[in-house]
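Quick one: structure below, then a few questions.
The letters A, B, C and D name the chains in turn, as written, and every chain counts its residues from 1.
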Amino acid sequence: GCTNTGTTAPSSGTAAATDAAQTAAPVTGPTCSLADYKGDKIDLTQATVGFSQSEKEDNPFRIAETQSITDEAAKVGVKKFIKTNAQSTLSKQISDINDLIAQGAQILIVAPLNSDGLEPALAAARAKNIPVITIDRKLNATACTDYVSFLGSNFVEQGKRAADQLIAGTGGTAKVAVLLGSSGNGVTTDRTSGFLDEIAAKGPNITVVAQQTGDFARDKGQSVTEQLLQSNPDITAIYAENDEMGLGAQAAIISAGKTPGKDIQIYSVDGTKNAVEQIVAGAYNGVIESNPRFGPLAFQTIQDFMDGTAVGQDVIIQDSEYDPSNAAAKVGSAF
Amino acid sequence: MTTLEPAAGPTTDRQAARERVAGLLQSYGAAIVLVILLVVGAVGFPTFATPGNFSNILTQSSFLLIVGAGMTFVILTGGIDLSVGSVFALGGVLAAYGSTFGLLGALVFPLVVCGAIGALQGFLIAHAGMAPFIVTLAGLLGVRGLVLATTDGGSTTPLITDPVVVALGQGEVLGIHWPVFIAVVVIVVGSVLLARTRGGQSIYAVGGSESASTLMGLPVARVKFTVYVVSGVCAGLAGALNAAYSSSGVPTVGVGLELNAISAVVIGGTLLVGGRGNLIGTVAGVLLLSVIQNLINQVGTLSSSVQAVVSGAFLAIVVIIQTVLSRTQRL
Amino acid sequence: MTQATVSLRVPSRSAVLGVFQKYGVYIAIVLLLLYNLFFTPNFFAIDNFRTQFVQVVPVLIVALGMALVIGTEGIDLSVGAVMALAAAVIPLYVGYGLVPTLLIAIGVGAVIGALNGSMVAFIGVQPIVATLAVMVAGRGLALLIANEQLKSVTSPDVLALGRDSVLGIPYSVLIAAVLVGVVAILVNRTTFGKQLIAIGGSRRAAELAGLPVKRILLIVYVLCAALAAVAGVIGTARLGASVPSTLGNLIELSAITAVVVGGTPLSGGQVKVLGTLAGAVLLQFISATLIKHNVPDAYSQIAQAIIILVAVYIQRGKARVR
Amino acid sequence: MSDARTSGLEAPVLEARGVTKRFAGVTALSGVDLVLRAGESMALMGENGAGKSTLIKVLTGVHQPEEGQLLLAGSPATFARPLDAQKAGVSTIYQEVNLVPLMSVAQNIYLGREPRGRVGLIDFRRMYADARALLAEYGIQVDVRRPLRTLALGVQQMVALARAVSINANVVIMDEPTSSLEAREVETLFRVIGLLRERGIAIIYVSHRMDEIYRVCDTVTVLRDGRVVHVGSLGDLPRVELVSMMLGRSVEKVERGGVTAFRAANESDAPPVLVATDLSRKHQIDGISLSIRPGEVVGLGGLLGSGRSETLKGLSGVMQLDRGGVTIDGKNVRSGSVPAAIRAGIVMLPEDRKAEGIVPNLSVRDNIVLAALPKLSRAGFTSRRKQDAVVDVFIKRLHIKVSSPDQLVSELSGGNQQKVMIARWLAMTPKVLLLDEPTRGIDVGAKAEVQSLIDELAHEGLAIVLVSSEVEEVVEGSARVIVLRDGSIETELRGDQVDEGALLAALAGGAS
């Protein structure tokens, strides 16, 4: 078949049993074909596929992402699958990609650590006409020239949707503390600007009282929230840029003697099981999904590309969201 | 004239010879382990011993080599510089901003500022008598803060568009990238400075015994000050080259770089308490770290956790071998 | 060139300086408290202080062990990884109750400490690289043990350790207080403490005086790792989850800073236990103040750097070479 | 050799006026005046802790005086650091060897003034040649490329001397330069001093050895408790008077016979307490066997590098042996382990006090009890009371000059540090005491005390091995002397054979 288009989310009833695959939005922008890219046709089952992961598989998102791609590579039956992990070091990712090329990778799937800075690696791939599919973080480079296409979520949109959830959940009046991701991370920047812009536009009675970094980590999210709750006892909602910090904030709220989900609402982005289960339990208010299961969509895109079909340069994932009304039903699709 | 017999005529010579051999082992232990690893890699993986792969290892190593060279200077005096990772990032960001003024801007800007940061740290250490660990730890924090402050909290990444600057990072000669050649120059110049100049000798002396150096009338404070400037400049240069290589000044690079640099230097046989070591050892140490990473990638199926365990174990084995080799020298 | 000399020094000034040098951290803490008294809302509330002390506990406990290691002229970078390992084993054994869990976590820490200690004491590897290798491998191992998963910890015993209190004092703070006392006695009142400090002062002289230098070094690294494991259990209990990926990340730097800010020189031969406590508390107050004033990350890092430098600058001098 | 030029007084080259130096708790110098004239060779005398080293450090920019000032050739001068003093032509050998152990002999000699070639790079070949020539002048033949730390302390001292003298200076200050030198090296040193004096270089010379003072110096300045108590020419000053000024006691009290304070040492006929057989270690010692009886003082004689220190290290477990072993009362002592040796009752006072003896960051109390700590503890807890009992006794018995037992040992004068080391071992109540240069750097009074202490201990039944580079100390202190050469036993002198002449002959005996 071809890439899924159209439906917003898999029908919740059946998806609960299995992991939810990604759903792409219909392609509207420019496309890229094998001819455009001037690549060679490769039979996937005869190909060496390299995957360059950016960050350690030590959090649910990265684990699910790597797992999904590894599983799908096996399912598709690629001849050889090699993976590397840059451990959050940009220069290591460049050399990882070069290593993959040196080891004969004919197709590359890259989860970029950063939007900029991978140029030498891309150039090396380009020199050998190796198609590069980038996932989850968009590169500042020319699609269909430097790489084939980008598959991933719109992080700004995620921030915006979290703001919408928060506005709806609080009835439009709240004092919000924002737990930022790590500084200098593009995801942090996008999820922050999306959120703040939306609040400015649609939440006139919502004030952001603090923005502090929680480094995407649960313990940091917890301790920062504890501090903020003491200096600003009137905080009524928390927006955390990932679930881990949200869960840390939840622990802090409990230890401050307040009820998470009621006295202080919590919204976050990711869609991990731990967080969604808390919505089910009524102690968490909303989660915007950032679906990490890139495997099927990525290999489908590669297959299409090799078949000569023009694939979208930007394949944007339609992330679902969890709120008290659907969490119980959809918790099975959380990762 | 009364002439004292050399204590034990021939024994003395033999002992001296033994010491020299052991000294070589100390300095070149890392190189020996490196050769072993290279052989293992070549035998074990068909894609390891290829020119492309070696070129990649060299390019990857070149930035750490330059940082490690500066770190070697510092460690030789018995100090330590934890700020290099942040200074590396600052160098990259400044190079990117500076590249709008061309190659000169891309180099002068980061080198001057990073040198100044090194000078500030050097001043606090050499003249205010503060502990290097703490001063440069504050440097690690503060300079990273500066990087974030100059990039709008890390949300903007200044890009390098000047073709000459980009060529400095990405251009190659004989399949080797420019930064590798620059690293070689740094190492050669650094080695000559250390081994063949008075300043270099005072670095060893200060590390060997600070109080004796003071009493012997060496300008101890100036020596200590200078090595931090050197380290700052080296980290800035490496950062600038890295930015040119990736044509952008990414504000988050260099996190944890200090630990890599320190371990490369120490694996290379330089004593952390100072007074002994050289840049050739550091080269071997850096290449060792890169080759270990490369070999792990050659396996290609390890999860990041397994990778961490393997590289940690590798590191432990390497330093143990290195220590045992160099210990033969102790009486 | 050569000028008249007669450098008359007023003794009282140097006495004042001496007080500053001796009590630099404490003075810095008082200054910071004064600032907060006037400029930070709700800072002077019991709850707030309770929070500060609860938060400082892991760093403090790790710093106690670190102080011992630093006293021997060593350093231990693996403490964060040991915390992660402790966190990783908790879900496996939490079913057996709090005490067995604690003992197993401490046991795991002790094994890692023995590994560090053996490399340092018996093989003579430089502490910073030996423990760096263990730091890298240790966290990887922790993730493998945990199957790269985060697990919620629901055992009420364990959670109580992180959340409950007696007479308004959280258990974790009590434990830390006891540990401060124990380490202070160990350092100041026992043979072992004196011997440890002697090794830091001159390893060669200690050897020639017949001290069991290697065994003492081994024990010191074991103690340090065991303390880190305790910190790992408390950290996990507080979070209510075993998070081996991030627990204790970079804590080695905070711990070393606390120790040094507290007046223990990195050159070994001295251990200031109360100073370490003060150092950890100072760092905690600094970060609390910055968060409460919502200082952006970039400036917060710069501010921390400057405050640490000032605190250390005040008490510098002793460490200078004559 | 009275100088023709010195009809009146030469111009002062270096002066101190009213110098006062205080350390926390101690006034090391108070109002000290000192005038050193060109060509003068001045002895600086005083008890341990009198302030000699401190004065030298003030004169050379290591310490800044609280009051008073320095004058260089008549005009006021400030030495902010040793470099300033060096630049002004004041060259110093400090009391403890202060060189860089990891660097080579040649590098140490030329640090900071290495000969340079055309492009400004160091010319190592010339440096090595120069160093070799320089040392050869003093009769030392070593591989100048060897790291300094691999050389015996005496050789290191000679290197320090070579460095100090080869710097173009008009004042050379020596703080106990001979304390670790061999008789023959001392001769070399004196020859060098003679050369310096011929060149009109002024000298300040500190030593506790009276003979040397009288040979080398023409004037003397005596310090007591940080004050100058006497300045004058040396030639017409009787020794007893000098000693009485140093000690602040009357001449009558000081007067006593003999060069050393040893009583006639007697050979014991008790069964040996320590028996060592075939002690060997490659390149160090080869097949050394000896036995010592309780109450006996056995001297070890030998030239520098003959392996005396190594023998002691082998006996005390400090050095791992390749072959051979030690028994105490017939029981084997595990070799190569200091704790095992100490448990068996063998203790050693190391020769290198600075590197192997004191723990600088600990107090005098802690340094004294360091080895005995387990004995002075209850269940692992230290007992202040038990410690004080021991510490007080030894501070009194050895007359250790401290402001309080809590004073840092690194703040003590060199001689007092040595006494602290001796106290550490006596506190262990050992069976066998190995002494490597026990009286190095301690003043006449203290030296006599230590010597009679050795006597006393021997009479109490302790077995003692004594290594000393002072021939008369070995001869008068020991019942028999074992002479080493190149790491093996050359001969043994017993009974009547034990005298200076015989020992010197034995030392020279094998020399080619």
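In the analysis below, a residue touches a chain if its C-beta (ideal position, glycine included) is under 8 Å from a C-beta of that chain, and two chains touch if they have at least 3 such contacts.
Small disclaimer: the values here were computed from a predicted structure and weren't measured.
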{"item": "Between chain B and chain D, the fewest steps along chains that touch one another", "value": "1"}
{"item": "Shared interface partners, meaning chains that touch chain A and chain B", "value": "C"}
{"item": "A-C or B-C, whichever has more C-beta pairs in contact", "value": "B-C"}
{"item": "For chain A paired with chain C, centre-to-centre distance based on mean C-alpha positions, whole Å", "value": "36"}
{"item": "Interchain centroid distance [CA atoms averaged], chain B/chain C, Å", "value": "28"}
{"item": "Centre-to-centre distance between chain D and chain C (centres being mean Cα positions), rounded to whole Å", "value": "42"}
{"item": "Gap in Å, rounded to a whole number, between the CA centres of chain D and chain A", "value": "73"}
{"item": "Residues of chain B whose C-beta touches two or more other chains", "value": "147-148, 153-154, 211, 214, 303-305, 307-308"}
{"item": "Touching two or more other chains - residues of chain A", "value": "56-58, 183"}
{"item": "Sites on chain C at which at least two other chains make contact", "value": "143, 148, 296-298, 322"}
{"item": "Chain B-touching residues of chain A, taken from the complex the two chains share", "value": "53, 56-58, 66, 81-85, 87-92, 94-96, 98-104, 114-120, 123, 140, 182-186, 188-189"}
{"item": "Complex contacts: residues of chain C adjacent to chain B", "value": "77, 119, 123-126, 128-130, 132-141, 143-144, 148, 253, 256-257, 260-261, 265-266, 296-306, 308-309, 312-313, 316-317, 319-322"}
{"item": "Chain C-touching residues of chain A, taken from the complex the two chains share", "value": "56-60, 63, 180, 183, 209-213, 215, 217-220, 222-224, 226-228, 230-231, 233, 244, 247-248, 251, 254-256, 274"}
{"item": "Complex contact set, residues of chain D against chain C", "value": "62, 64-70, 72, 75-78, 88, 318, 338-339, 341-342, 347-348, 350, 355-362, 366, 370-371, 373-374, 377, 380-382, 424"}
{"item": "Residue numbers on chain B that touch chain A, as the complex places them", "value": "47, 50, 52-53, 56-57, 59-60, 63, 147-148, 151, 153-155, 157, 159, 169-170, 242, 245-248, 250-253, 255-256, 290, 293-294, 297-298, 300-301, 303-305, 307-308"}
